[in-house]
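Presented below are the structures under discussion, each in the form of structure tokens.
Shared chain: subunit A. Partners: subunit B in the first complex, subunit C in the second.
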Partner chain A sequence: MTEELLSCQGLSKQFGHKTALAGVDLSLGRGRIVGLLGPNGSGKTTLIKLANGLLTPSRGEILINGEAPGPASKAVVSYLPDANYLPSWMRVRDLVNMFEDFYADFSADRAVEMLSTLEISGGERLKHLSKGTKEKVQLVLAMCRQAQLYLLDEPIGGVDPAARDYILRTILQNYSPEATVLISTHLISDIEPVLDEAIFIQNGKILLHRPVDDIREHEGKSVDEYFREVFKC
Partner chain B sequence: MLRKLLKYEFLATARVFGACYLGLAALSILAGLSMNFPATSNSIVGGILLTAYICMLVAVMLFTFLTIIRRFYQNLLGGEGYLMNTLPVHAWQLVTSKLIAALVWAAASIIMAGASFFLLTAATITSAPVLFSSLGELFVQLSHLPAYFEASTGLSFWLSLLQFLLLMAVEGISSICRLYTSCMVGHQFRRWRVAASIIAYFLISFAVSTLMDLIPWVNASEGVLFVEGEGFIHFSSQFWVLLPTEAVLGVLFFAVTSYLLEKRLNLD
Partner chain C sequence: MSWTFDGGRPLYTQLVEQLKAKIVSGEYPPGQRIPPVRELAAEAGVNPNTLQRAFSELERDGLLHTERTSGRFVTEDVSLVEYLRGEMARELADQYLGQTQKLGYSKDQAVDLVRRRSEEK
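== the complex of A and B ==
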């Protein structure tokens, strides 16, 4: 197993004339919770989609455990997209079965237990669930895997404060200690308490990648405050 | 992994196809039954039922064709692509699962169309003894078919049937993979992807048709289905050119589709 869980070298992504990522160099180790922080349109989602093999790099490369995204990396990466992506005709229990079928590291028992705690019926079709409930189902499925890398794209963006607390607690209680969790968000004050490292990204470029304690110590302010200073409009 | 992909592919499509086939069967029986009663067969009701049956038949064929495209385009290149393309499987496995399911539904729809016509005809016979004796007569006629075929063509009936079915299968695979390749080529464009896929399909089809014209001994416009003895002899000689040509095209389209899905995916 290589030391670097995720590494980017000169990673760039163009969409026509628009540059979403401009020569990103990044390295993530294991066993930490990392915040990918930046304003809307900064390239957070693009970076995460590249790591999942859902986009093709324009230049450079992105590697998971030293390999380009493929079946091997997908087996150890748990992804929570920032959208409803599950087939709406499927019942909740069909999805649990599907995740159990395809992912060796998925715990169906834990998923069923969590869904039961949330009072989400296994027989319900996704299309009959509210947006917030759908997001909770997606979160449960993602976090019931014992993955090496969790890529959570705006997991708390569209939900109420109480649900945000639940989601963050779920993340903390369910990820495997040797794994790394990358949380992309612009709601920094909510996730700051759980972060080990912070990456600031703007206009497709990494501005900084530092331990959160380091930021607090040297800048003398919280990550949220420092973010507002760095990204002041 | 392929078996698991197929399981969910059929789970996604079985209910809708089942409903379509049941609807078709019901309409064919109703239309057939209405022929028995002067009140309905001579009136607008009989006409409506027969028209409805024919419309349903066309609708099922169209639905099958559109579903084959939709299952690839929406499930792999649409929102559901976030799920399917992050499963720990190779792109060729995703394409194969779609292809196998597409072939099964295409074959099932063709068989169902034939069965519905049989049901319609059977429903016009209301007396059970007459129905059974008609069925018996039909089987007797069918049992003479191989001998009649061999006498008029000089070819083996069963070998010709096998050749026909094999060519149908290979042409089916090639046609479906051509649709998939068109979708993936259209996906390479940033905007107007659907339009680009349609244009790609016509361009690829034109290229294939031109290629077929260049191959000697193949008259692409004649197709495969014949009813006259001489026609079958003609088909038999073309078989050994058509089959490898379609097989190569099928493999090519499959390979291009899988490559583009694995290496050139850009989901919105």
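== the complex of A and C ==
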């Protein structure tokens, strides 16, 4: 296991004439919970998709455990996309079974336990669930893997505050010194106490990457307040 | 006692304060075992590394100590807890004097007010 879990050098991504990422240099260690924070269209999802190997870089490189994204990295990366991606006709329990088949590091027992705490029945078909409940199911599936890197793209946007607290507690309980959780979100104040580090991203560039308590100490304000100042419209 | 955090100050400083308050109030009595970092971090809704940093500071102050196999404990040194209690009370007194001074109270008036209020209660 390398000390550095994720690293980017000069990472760029073009979509036609549009630049989504412009020369990102980034390094993430292990045992961290990191917030990827930026306004809409700043490149958060593009960065996460590159880390997954769902997109390929236009220039530069991104490495997980020192290697380009591929089968080896996918086995240790748990990804929660920002959209519904699971077949809507499937029942919750079928999804749990599918994940158990797919991923060697998936704990079905844990998933069943979490789903029951959230009062989601295994017999429900995904298409009959509300938007927020669907998101909870996806998040439970992503968090019940014992991965090294969790990439959570807007994991708490659609869920109610009580479930949000439960999810954040779950992320904390799941904490391991070997694993890192990267969370992209706009809901900074909700996740701020949970974070080690904050990354501000704007127009495809990393604006800052600092420990949360460092920002609070030196700027004299919360990361949420600081974000509002930096990205003031 | 639940955990609340305010905006502009480092979270670890606030955790240190709140853990000290728990020790002084007797919620964590002398010699008591403190829950493991991960458990307490989840309860407080804070990052485990931040909590670890707060624990380290309390260990440096001698308020907590770690037994290699059995966990982390509150000091059994009651005089140390007493000293901390005094320190925290002094801080509150200073805050009170500062705030009443802003309202235009003299020190004598502020002291007088405390005396009267305490007699009423």
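Here is the rule we go by: the second predicted complex is superposed on the first by the 230 of 233 C-alpha atoms of A that agree within 3 Å, B and C clash if a C-alpha of one lies under 4 Å from a C-alpha of the other, contacts with A are read in each partner's own complex, and residues count from 1 in each chain.
Keep this in mind: a residue touches a chain if its C-beta (ideal position, glycine included) is under 8 Å from a C-beta of that chain, and two chains touch if they have at least 3 such contacts.
Values in this document were obtained by computation on a predicted structure and should not be read as measured data.
*Asks:* Based on the superposition on subunit A, does the combination of subunit B and subunit C result in a clash or a fit?
*Replies:* Verdict on subunit A: subunit B and subunit C fit.
*Asks:* Here's one for you: vertex at subunit A, rays to subunit B and subunit C, all C-alpha centres; what's the angle to the nearest 10 degrees?
*Replies:* Angle at the centre of subunit A: 160 degrees.
*Asks:* Could you say whether A:Tyr150 touches subunit B, subunit C, both of them, or neither, answering first, second, both or neither?
*Replies:* After superposing on A, A:Tyr150 lies clear of both subunit B and subunit C.
*Asks:* Figure out whether A:Val212 sits in contact with subunit B (first) or subunit C (second), or with both, or with neither.
*Replies:* In the superposed model, A:Val212 contacts subunit C only, not subunit B.
*Asks:* Let me test your reading of the model: by the given contact rule, A:Phe200 touches which partner, first (subunit B), second (subunit C), both or neither?
*Replies:* neither
*Asks:* Can A:Lys74 be said to touch subunit B (first), subunit C (second), both, or neither?
*Replies:* First partner only, subunit B.
*Asks:* Using the superposition on chain A described above, determine whether A:Pro87 touches subunit B (first), subunit C (second), both, or neither.
*Replies:* In the superposed model, A:Pro87 contacts subunit B only, not subunit C.
*Asks:* Least CA distance subunit B-subunit C after superposition, rounded to whole Å?
*Replies:* Minimum over all C-alpha pairs: 28 Å.
*Asks:* Which stretch or stretches of subunit C touch subunit A in the complex?
*Replies:* By the definition above, subunit C touches subunit A via 5, 7-12, 38-39, 41-42, 44-50, 53.
*Asks:* Quick one: which bits of subunit B touch subunit A in the complex? Just the residue numbers, please.
*Replies:* Its residues touching subunit A are 1, 4, 7-8, 11-12, 75, 79-83, 85-90, 190, 262-267.
*Asks:* Which bits of subunit A are touching subunit C when the two form their complex?
*Replies:* Answer in residue numbers: 31-33, 165, 168-169, 172-173, 175, 193-196, 212-213, 216-217, 219-222, 224-225.
*Asks:* List the residues on subunit A that touch subunit B in their complex, please.
*Replies:* By the definition above, subunit A touches subunit B via 15-16, 49, 52-56, 70-72, 74-75, 77, 79, 81, 83-87, 89, 94, 98, 101-103.
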